[in-house]
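Same chain, two partners: chain A is paired with chain B first, then with chain C.
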Partner chain A sequence: MQLIATIRAPSLPRSALTFAIGALMSLPASAATQQELEAQLAGLAGEVATLKSELARVSQEQKNSMTALAAVPVQVIGETATPASSAGADSGLDFFGYGQVDYARPKDNPSDTTATVSRFVVGMSNQFDEKTRLVSELEIENAVSSADDPGEVEVEQLYIERSFDDRLFGKVGLFLIPSGLLNENHEPTRFYGVFRNRVETAIIPTTWREGGMLLQGSTDFGLRWDAGLTTGFDLSKWDPTSPEGKESPLGSIHQEMALAKASDMSGVFALNYTGIPGLRIGASIFSGDAAQGQLGFDDNVVTLWEAHGTWTPGRFEFAALYANGHISNTSKVNLTFIGNPTLIPESFYGWYGQAAYNLLDWDENSLRPFVRFERLNTASNYSDLSPGLTPENGPDQDIITSGVNFLFAQGVVLKADYQHFHGTGGSDQINFGMGYQF
Partner chain B sequence: MSARTRSPLRAVTLLLSAGFALSVLSACGGGAGGGNVGGPVAGAGISSLAQLGEKIFHDPSLSASGTVSCATCHDPDHALASAINEPVPVGGADLDVPGFRNAPSLRYVAQTPTFGFDDGAPLGGFDRDGRAASLAEQASRPFLAEHEMANTAASDVSDKLSKATYAADFKTIFGNDVFDQPEVAFDRALTAIARYEAEDPDFAPFESKYDYFLAGKALLTAAEQRGLALFNDPLKGNCAACHPSGRGPNGEPPLFTDFSYDNLGVPRNAAIPANDDPTYFDLGLCGPFRDDLATARDLCGAFKVPTLRNIAVTAPYFHNGRFATLVQALGFYVRRDTNPEEWYSIDVGGAVHKFDDLPLQYAANVNVTEVPYNRKVGDQPALTPADIDDVVAFLQTLTDGFQL
Partner chain C sequence: MADADRGVFGLMGAAALMMPATVVVAADYLTIDAAQKSIFPSADSFEPFVFAITAEQRSTIAALAGAQPPHGALRVWKASKDGTPWGFVLLDEVIGRSDLITYAIGVAPDGALTPVEILSYRESHGAEIRNAAWRRQFANRHDLSELEFRTDIKNISGATLSSEHVTQGVRWLLALWATVLHQPPSHP
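Let's turn to the complex of A and B:
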């Protein structure tokens, strides 16, 4: 949400407009003959036609630019680029939100069927002046958060953004890391499938946020760059007795700015090119020591890099991503964990390819079937321990997801899909979901 | 039903409790630090109250026999456990009254959380049955127990304290008239002992080879590494399920106990005189020494999981001191169910009397579901003899006093 709000529209072709208005203003009506007027009107008609054409082109470019920059695999029909204001135009205060209600039924284990309010998110932004604003998001996961319930309450974003000029912005606070296609655009109307793809959950720990400072700039030829200094991971959070580290290595050691250990800071750098309408390609790298200066940990650098692309030719939408993670110097820590079920992997990776098609499109409705293939391995390699103690590398996991997103109204989506798992030990499952964003 | 249940919440709770205890220790100031690796940082010295407690702890004149002190069964030279490798200590005025339970090490005792129930499972508390709510309360029992220091009443202890070489120190701290009220004087002495146990770094040195290993300052041998792996492996030793070997959530060194209670069906020990009476059973949580849980029949036979720190130098093992060596103790863990004839008495008819230190009606309380107990006759034990040797090698790394 915040990303869309920061995108500035490209400059309109003011020269043609100025010329047309100037021509009208300069008409000496009283002196002109009918023939002259007709000639001038014809000229004006031509200018107007040119203007219309130019406006249409710019409008399309703007739409494509926003779509690609925001990495929106699903174009929300009628979606506005800024949060809907509910506090008055003059106050600078805006509210926005999104939510997701899901149902998942494993084919072979129907008793494990679950239904939950996966997310209920309320956001607030405040424009202090034309250059400075606050963005915040508060999220409740799984409906009820208490000692006896599975839910969580999280501050997902809380940062101040300052624009230095039309091409350069700065953020300070808790913000989303510019990694992958989903992390900054994780609202349910923006991705295909009831659930977020596994690669951008298990390998890239979406919704991944860190605290620190970030600069974001863009160029005339469609290149956006991000560079930041942020908090990072804490390897002392690794629990070798829990399967959590196998589900998501980085998800199990992220800190989410909850009294985050910040002895060691991390760096992030991302590039995204959107200079060609309908195409986005990009890559990012995040790296920092997860030892955090703690006894028994030393030089445990976590590095995650990824490359991604989206392409929307006509009614088709294609997306692909590859992500690779590495943790250095794991042997010494793993030696203290040997025998436990979950040791720290040295590397992990995942990739996916996705295709969608805008099958039916009427009024504000859109029916979009899709298919996605994912392959990931959350422990593709372990550093060597003593003979017989080094764990076997984890298995490649393949997930094929096929389904449909049905978009209607403004920013509302119904979803259904079928997921086939291979190598995960999990049962195939059928999912249904509802999502919204405003 | 076994006394053991495990939940992540409970694990976090007890680790946080332990972490809190560690931070309290740190705040107490501690004593002259030794090779402490990753534990609470020792300060310049222990308080005057703790110093008084140290004198009381080591004073045999406070016993009826004049020869037994706290340190007799909790010898600083034996990791604060008994120096005598006998199942139970002998005390009393004439040193002829046998005890009932094996004296545990007091190392790391101050980190024990207060007794309570977490998700219905008992947790924490002092003594093997958790019946003492505090270190001071725990310290009171030996002074008055017939089979230990054998004082007849608090006034008996107070009278001895008033004649001790440190009586002046006692008055300096608690007032010149402190001995006018014997109950108060006894209570103050217990407080001083509790402070000593909480403050003196010898009670929580965290200077084992394993501590150095966790800190990245020492390497385990191949056998020790294999032993650690077997110790942690949930399909092999599964020891870490009750004796966690990893650091706590805030980096605290492991205490090798989760402070839970378990019923292991340890064989009856004929070397304990009380067991000459076939109707006598030590049932831990539900009696006979603890009386508030006497009706909690599902807890009968459950004892608190002890720390394994210094386990290699604190034989014998289990609440009744049934096993004299670690090899025997580990052998019992993994062969109890595959080869029960090795451990239990044989009935007149030739049948193995499994769980022979429990009344028949409580045999169902024994833990038979978790690794390595989830076996039956004919199955392979979870550990081979060679595996056991490796685990013993690892357990020997838990002995304090390691020198680089």
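Let's turn to the complex of A and C:
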């Protein structure tokens, strides 16, 4: 931090010194005896010495004062903070990031225990001018990315943001879709539990980003709106032989702007109200044709809508979300998939409720236990084929997650939780994790 | 045009209707002058205030304020009305998510805070911090014990970092006022 201030240097000593020297030079020699002149000179020399001493003292005081001012807030604040910007505000270039290391141990199948660097993300933003900036994020998932390793390297965000006025921003490029509570706030310090909740993973395919353009506006009473025209899903990516579509219908057909098919664009609209401190309620809808002009696909409109809310009375923190997805005209495509294990569902949904409590709060530390109940169904309905061919609807899956987040050091979190699964066929598991954000 | 495409253009049309009729290009929401007048409307003078901080005072402020985000520039003005001290206006900058937020707050002679004014917000993420209701939470608080984030000053879901960092910044400013500004140096 810099302290912007001005100090006016006292001008009197320097003026007095100049005046004294001037007076000495202009003494009329003829008006005094040699002895008187010598006495006057001695007196003036003494005064000059005094003034020099005074000038030196004032200069030192001023220097000391400036040193104190220059040292004030930067050092004081720096003692307790980790700089978030390595490049500094003046250059316009900033770096940021987050990361997550996880350990998951299934109760009934310990041999399936895994430990991984789930995410390592480096972000960079650059302020081109006061109204225009670049935001980018590069992500490595699961540590190593190669043909023989499970990792991935992804450009998670890459967009230019422009401020049009004090209430309106525009984005163009690859950006996060304003859907749900997690998608735009997915850093590990910002959600409860070692892993992201299942509803905002399987139903809303977090981290969900699309390419296109988006406008974001807000009002002084706390209403924010987002409206955008973006790329969408590609139903021709559906693999009926893979279980991926059952795990996350939209996650299996999203394109992440990797040579995305873009003959059919989608639209997104979201509203969020935060006008009452501690309360947030909102909803969003995303809709667009996923046929993308591909042979055998026609008018396969994907629509995903959701509603959400958070409320923080005192030390409590409550959150809830409902999401519902629909894909139209799936029968024709599914008839070509008969005999395969994973057909395209017509609808899928999920919801959760979560409660957290700020149990202990001291210095920079916070201990927050939480519990979350989720119910989701990734194939709650299939469109009719013919008798005997239409698949059974998928089962509701319930997940209860209880655990604790321990936040410390302004952006670091340690997590532990226990997950109980019902209806998924999966084993309960215990998870530990570390996350950070800067 | 497919139904979906019609839906898309309908959404965009609705968005266009919500846009302001005239777009004014400006990076800052408030000028310094406007912020000063908004903070102390009755004051008729805002003089830049120069001060020095000793190492001991620095330690005291840090201990009182608690954890801090990275800060930018700090400026201080002494407000007065007809020569009567009216309080201090403190302008500070803190990191939001990845960029600086410029904000200002007033401290009356009795230590009462005014609402926070946001002068500049440079990124769309977390822009909800400009909500009037959120900024008013600071008004008439006197003590650092009344400035606890989440309990006293509520979090904005989706703008957590911005709301937390501004709250921490205000804590630092109030600690500065209590340690230095409220007890001016004894030397002339």
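A few remarks follow.
Quick note on the criterion: the second predicted complex is superposed on the first by the 355 of 438 C-alpha atoms of A that agree within 3 Å, B and C clash if a C-alpha of one lies under 4 Å from a C-alpha of the other, contacts with A are read in each partner's own complex, and residues count from 1 in each chain.
What we mean here is this: a residue touches a chain if its C-beta (ideal position, glycine included) is under 8 Å from a C-beta of that chain, and two chains touch if they have at least 3 such contacts.
Predicted, not measured: the structure shown is a model, and the values here were computed from it.
Judged by the touch definition given at the top, the superposed model places A:A143 against neither chain B nor chain C. Between chain B and chain C, more residues of chain A are touched by C. Of the two partner chains placed by the overlay, neither chain B nor chain C lies in contact with A:I430. Applying the stated contact rule after C-alpha superposition, one finds that A:L168 touches chain C and leaves chain B untouched.
In the overlay built on the shared chain, the residue A:D299 is in contact with chain C alone; chain B does not reach it.
When the shared chain is aligned, no partner comes close enough to touch A:A260: not chain B, not chain C. When both complexes are overlaid on chain A, the residue A:A355 reaches neither chain B nor chain C. By the touch criterion stated above, A:E364 is placed in contact with chain C alone, chain B being left untouched.
In the superposition on chain A, contact is made by A:T241 with chain B only, not with chain C. No residue of chain A lies at the contact with chain B in one complex and also at the contact with chain C in the other.
Within the complex formed with chain B, the residues of chain A that make contact are 147, 236-237, 239-242, 294-296, 298, 332, 335-341, 385-386, 388-389. Interface residues of chain C facing chain A in the complex, by the touch rule stated above, are 2-5, 7-12, 14-15, 18-20, 23-29, 48, 50-54, 58-59, 61-62, 66-76, 93, 95, 97-100, 122-125, 127-128, 130-134, 137, 148, 150-151, 153-160, 172. Chain A makes touch with chain C in their complex at residues 1-7, 65, 68-69, 71-85, 89, 94, 96, 123, 125, 127, 130-131, 133, 135, 161, 163-169, 171, 181, 184-185, 190, 215-218, 220-222, 224-225, 227, 229, 264-269, 272, 274-278, 280, 285, 287-289, 299, 301, 310, 312, 314-315, 319, 358, 361, 363-364, 410.
On chain B, the positions that touch chain A within their shared complex are 8-9, 37-38, 213-216, 220, 222, 225-226, 228-234, 236-237, 240, 245-247, 249, 251.
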